[in-house]
Amino acid sequence: MKHLTRWLVLLLAFAMVAAACSQGDDGDATDDTEATETTEATDDGDSTETTEDMTDDTEGDGGDMMELATDFGVDTENMTITLGLLSDLTGPFGPLVSAIAEGIRVYWEDVNANGGINGYTVELDVVDTVYVVDSHVQLYEEMRDNVAAIQHSTGSPHTVAILPQLAEDSMLTIPLTWYSGWSDPALNANLLSHGSPYCLESMNGISYIAEDTGGTTIAIASVPGDYGLDGAAGAALAAEALGLEVVYDGSGQIIPSDETTLTAVANGITDSGAEIVWTTTTPGTMSAIFGQAIANGFNGAWGGNSPNWSPSFVAPDSPIKDAIAEMYYNSTYQVPWFDPAADAERELFRQYNAEAPALDYYLEGFTEAKIMHEALLAAYDNGDWTRAGILAAAKSLESVELGSYAPSEVYAGEPNERVQRASYIGRPDPAGLAAGESTGWTLSEGPYTADITAAYEFNEACYSLDG
Amino acid sequence: MIPTVVLAQAGATNDFAEMVAEGLSLGSIYALLGMGLVIIFKATRVLNFAHGALTAAGAYLIAAFASIYDIPGRWIPGVAPWFSWTLSVILALIAAAFLGVLLERAFIRPMVGEEMFAVALVTLGVDIMLRGITNDFIGTDPRPLGDPFGTQILDLGWVTVAYSEVAQFFTAVVLVAGVALFFRSRTGIAMRATAFDQEAARAQGINVGRIFSIAWAIGAVLATVAGLFISIFPRRSAGVDTSTAFFVFRAFPVVIVGGLDSVVGAILGGFMIGFAESAAVSYLQFDFLGAGFGGIVPYIVMLIVLIVRPYGIFGTEEIRRV
Amino acid sequence: MRGRPLLYTSYQEDQSLLNTWTKKLMAALFLALLLIAPFGIVPGLGFLGDNDWVKLMSQVFIFAIGALGLNLLTGLAGQVSLGHSFFLGIGAYTAAWLGGEAGGALLGEGLPMWVWLPAAAVVPAIIGLIVGPTAVRVRGLYLAIVTLGLVIIGEYVFRNWKGLTGGSQSGRTHPEFQFKFWKEGTPLFDFGQDATIAGFQISSEVSTYMLMLGFAVAAVLVAKNIQRSRTGRAFQAIRDRDVAAEVMGVNEFKYKLLAFGLSSAFAGFAGALLASFVGRSIPERFDLFLAVQFIAMIIIGGAGTVSGTLMGAAFVLILPRVVRDLTDWGAAIVESGEGVLAWIGDLFIATSPDDFGLINTLPGVGPGLSVDQLNGVLFGLLIVLFLIFEPLGLYGIWLRIRNYWKGWPFTY
């Protein structure tokens, strides 16, 4: 045994010396063959140097092509550009985000089928963060040198956690979260947000419900964190502006992993006898609180932010479908899937995916992809597809037209001028869902901007994330 | 649909009565879970950490038989929905029993004679595995169980109770009686003998392996029934989803309070903790307690009991020998 | 003595840290390998120089520190604890309070690392000693559930103490790794910035890696020394038979309490490192799953051994990465549709919506395990398989390989 280990040790030592000697060669080889690959990028020092190399390559190969500066995620040889998706595919928002990711995939498949972006094929690097901050950070770390921009990043604390890294990498990122704080210049240096923030969405929703039902008392309940507390803050603002009495305030009281909090909130809502309920939570907890509240005899009007809703509420087998149809108001950022305003998008989607169930969230995927598309085109026109170039082009966008299914986004001006104030309000439609004619709800009004929302002076986040 | 009579009386109900009703409802679920854990522990000396996964898997089986594939309802058209639903549930319970036996044969039997910790940790691994597979079947949206109770509510004047909660309470009572009777049957006595001393039981001609399988089958069936009532109106109206499995983490204190090896303890512990939790949710609503105090009440009760009696109220003290 | 590896002439020699010449050399080589790995110059392991791997390996070191703590408690003293993540949380938030910046309603003193890092070990140790007596009173499975309660109650406290933790789902930032004398503006050395040391360009990732490696080595030495001291032997005596240990004069209460305190100190230290390493944490981070991960590390590595614990930590953290890469690789082969490999792979991997496979690489569509679910299932399966077939874990496998080669080429 002794002899053997000695031999092994000797061999190992020899191998290491040999490796150290041949190190130089290895390095060169890597540079030649896979210039854009991770190994090159990890040197991490000057990206400008790499940029120059790449520009030279392009000139050599391309001939008539315009001079395009690139660094990460763009393969000038195979003419591809890679975008990263930090998605929650199997976590609490899995149903939404996987449909959004599918919408994005279809959009780019169509772009690629029609010649790509000036000949460049768009490729996607999709990873599943499971809505966990640590995995989000680690997965970003794994993908950052392979992508030119982040097509979406799910979750606010998650996105905040990678902000320093995004800044270091000059990485354009579309946040897949409607946190009102994205308008804050301290946070949005790398972000291009879209849609009405939870806070303003709550205002629209409550204003609509109050008008529709004439209710004067309101109960508010939400999950903790940026999503829940931002939505609840908007609800409180709406109550103040409309003169509604807040009879129960359960902001941040819903803990999805703890069933007792659902019972407590349901009891609180029932005992308050509110005429309007506004919840900012997840579909699973929403159905539980709603069920327990109506079991206690509650029958007020009920609304909630977009991620509250799931078509499964009104599925044929759902016990609460009739109660939901009677009491619930759905709020969201675009028209329903079957709305005539989304005809073009729906047809396009079905060309590439005829099988997938009808869901609204594909449209959100289209929105994100379209915004990214605009940014990439603008950057291409500047001849700069480096990450910094894409970010700069995105930041100089004035507005993005999304089509008739969602309001266009304005990116120029102060937060108060550019914030998206319009959202869409609808009512559940179990019959339509059963007949396959709707995604479970129909549009009542949209794009809808309530008077109180239009008048709201938006200068800072409704709820701020400390530290 | 919600009867309008109830709506007119909303708020007229008595808080205390609501608390008692919720305590009974929660308590019966805890008792079902606790009994399953105790029966498995008594027979095989395993604290089953995979009980949560079994609950979710069982609830999914019901959803699959009753709602997704509609077995056997699709072959016998024309029968009342509640009848075909009951048949589906029975099939699901049989499937769950087989699942329990399968887990026991595959993962627990090889560990016979090993330390208690080691086996408990095996079930922890089984829990993670089974939950992953179940979650894949459930998918991302909740799966409704297609139960016939709907959102119907029984209005007793001073309290409103969902039909499903009434059904749940009676099911629990029937199952408690069933377990009590089972322990008087031949197999039940064999199980008690096995619990007392495996080798002596074997010497008496008891097929200990069979007893193990039966215990796991019963445990899985009880977990499935609990999973059913966790996943329907009013508790989780949308159905079984990926968080259903976590409910059981609140039931572990039940068996500790009652004593790991006492069926009576599990039932009493279940109702005790059910009431404590329900009372905390109803009456302990102070701002300084923040969100979710009710959720830790089972553990607080457990700690208090353990300080007084380290083996639970009805548990047998282990005699320590060198 | 040369050439007679198992001949010890003194008790001291038998108990020394690295009792054979081979072990000393292997340890030195392994350490050298870890030291040069992040520069990407190790042949065949060049990928270890990639930033993502440097960060992953840094996490391995952090988790190894925490796992060494659990190994003292569970592996040596035989007390199963599901509450390890609670102590990680205490450590992380002690560090955040002392070292973090105050902002809004957040607590933070902005003290330097030499204050917050030791405090992150001391405070959890004290809390471990406070809750210890209750835990010492109960035995076996009862203890497992009591420690489970610790995690659940701890998560409740973390969620609701907004000033300390930033609140549920919001979280807070944690102090950065910087050397400072006191609260001065420019640190002596900042691990968050790329630096030049003696003409060498060192990226922030690599310098942080080195810092974590240093802490891990220190933790290994401490753990190893505890294990071979009187305390370590007392722990093992309690594990093997508590009553017998007491009869031999081991104070059961004192040593169990000590085991709790020591293990909590390791956990707290690791928690502070982990939170600061990621930069931001939410209270939900310190949940039961984290505790189970630690248990898996010592089961898979081999309970009771330091080297096994290290292997376990590396295994549990690196496995998801490897599985993900393998799946991507497999999916690429299947999509290329060429060769036998693609045909076999197609049986297991679904790459299009109408395909069926055990693994599904599409975002959330169709049946088949997603990569994350696959990782979960494998994780559970490994815990089970190791417990059933190799209770000594990876360390046991290593022993077998070593023993096989000892007699090679003669099997006896």
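Quick notes on this one:
Letters A, B and C mark the chains as written, and numbering starts fresh at 1 in each.
One rule holds for everything that comes next: contacts are C-beta pairs under 8 Å (C-beta built on N, C-alpha and C of every residue); 3 or more make two chains touch, one makes a residue touch a chain.
Predicted model only: the values in this text are computed from it and were never measured.
In terms of inter-chain touching, the protein chains here all touch one another pairwise. Seen from the Cα centre of chain B, the chain whose own Cα centre is farthest off is A. Distance between chain A and chain C, defined via averaged C-alpha coordinates, is recorded as 32 Å.
Each chain gets one centre point, the mean of its Cα atoms, and the points for chain A and chain B are 38 Å apart. In chain B, the residues that reach two or more other chains under the touch definition are 135, 140, 291-293, 295. Those residues of chain C in touch with two or more other chains are numbered 159, 168, 364, 370, 373.
Counting only residues that touch two or more partner chains, chain A has 90, 94-95, 98, 224, 252, 255, 257. The touching residues of chain C, when paired with chain B in their complex, are 78, 80, 134, 137-142, 144-146, 148-149, 152-153, 156, 159-160, 168, 241-244, 247, 288, 292, 295-296, 299, 364, 367-370, 373-374, 376-377, 379-384, 387-388, 391. Interface residues of chain B, counted against chain C in their complex, comprise 47, 107, 110-111, 114, 116-118, 120-122, 124-133, 135-137, 140, 249, 252-253, 256, 260, 289-293, 295-296, 299-300, 302-303, 306-307, 310-312, 318, 320-322. Note for the complex: chain C touches chain A at residues 3, 5, 22, 25-26, 29, 40-43, 46, 49-52, 55-56, 59, 100-106, 108, 159, 166-173, 194, 201, 203, 205, 278-282, 284-285, 321, 353-354, 363-365, 370-373, 405-408. Of all residues in chain A, those touching chain B in their complex are 90, 94-95, 98, 224, 252-261, 263-264, 267-268, 270-271, 273, 283-284, 287-288, 290-292, 294-299, 310-313, 315, 317-320, 322-323.
Those residues of chain B that touch chain A in the shared complex are 1-2, 6-7, 9-11, 13, 15, 18, 22, 67, 135, 140-142, 144-147, 149-151, 153, 155, 160-162, 165, 232-239, 241, 243, 246-247, 250, 277-278, 280-282, 285, 291-295, 297.
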